[in-house]
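In order of appearance the chains are A, B and C, and numbering begins at 1 in each one.
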Amino acid sequence: MTTLIVIDQAPYGLWAGREALDMAFSLATFDQPVSLLFTGAGVNWLRKGQTPDAIEQKSVERNLSAAPVFGIEQLLADEASCQRYGLSPDELIDGANMARGSSGLLASYTNVIFSN
Amino acid sequence: MKLPMSQIHTLHILNKTPEHPRFNECLAMMGPDDALVLTENGVTALWSTSKAALPKVFATKADLQARGLVAEANGATSVDYPELVDLTVQAKRVISW
Amino acid sequence: MNEQALPRRNNEGFLESANEWTQAVAQVIASEDGIKLSEKHWEIIEFLREFYGKHEIAPPSNRLFVKAVREAFGQDKGNSIYLMQLFPGTPAKTACRIAGLPRPTNCL
């Protein structure tokens, strides 16, 4: 079984994305193959240089940097969404990669879960 | 048991109202061997104008009851939670929208 | 340092703020669990503090704690038995409590 968790909402405004991240960590805890796809406004999770101290939140950029340590397989950024939000490949955080054509990607996992 | 015996390729679980962008994304991805389960606020779709476009569709009983709705009148099959689990087991793949 | 002098903690004994942690605080919290901190303990505690500084998250479960230690120190230390001996109970919880970090989110 392979799982893809899709985050399509911007960070910091809502809790939904963090819950999705928790879900990914829980799957990794039990050695279940899991990857994360960021699409739509969700690609803003992957922008380098986030400093949310003044809004008193933890940095999702730093949280995501723990993903490879915990065994999360891939951090994927939908390429078309990145273009829409002005994100070039070198502005993505370390470990994240561009993915082309997310609907084909959705079809290649046994389980796809959108964060709410 | 009124659930179909034929294999479901992808089971789409949709908890969004028709106004949510993901509602149309879900319908656009549905193939001929796929099935749709409406849950939570997704069940309101059975009463919205867009229901004509809905394919093979199920809706969770508890969510219908909570909103004073009945499924059968609108061409959907209501399922309880154990039946929902059966559907996810029957399906090769599941997408939770 | 005595109990009264400890920084604010929650009902499970975790510090409210990781910034208020000191080595002396660690020793008091460890003694509540009957643990006398050795070099081996400090190695893991310092690792956890660094991990938290870098990722702003503690390993969310015991298995991920073991995994993270294994990545950093190898199989000899990155295994449940070693960590269980140092930090009895649920090692991730016990170690995070002593290291002044928030409670691991997915530990029961």
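The definition used in the following text is that contacts are C-beta pairs under 8 Å (C-beta built on N, C-alpha and C of every residue); 3 or more make two chains touch, one makes a residue touch a chain.
Keep in mind the model is a prediction, meaning the values are calculated, not measured.
Shared contact partners of chain B and chain C, listed by label, are A.
A comparison of C-alpha centroids places A closest to the centre of the full protein.
Rounded to whole angstrom units, the spacing between the C-alpha centres of chain B and chain C is 45. Distance between chain centres (mean CA atoms), chain A to chain C: 28 Å. Residues of chain A in contact with at least two other chains: none.
Residue ranges on chain A touching chain C, taken from their complex, read 22, 25-26, 28-30, 58-59, 62-63, 65-66, 69-71.
Interface residues of chain B facing chain A in the complex, by the touch rule stated above, are 10, 15, 22, 29, 92-97. Against chain A, in their complex, chain C makes its touches with residues 51, 54-57, 59-61, 63-64, 67-68, 71, 105-106. Across the interface of their complex, chain B is touched by residues 8, 103, 106-107, 109-114, 116 of chain A.
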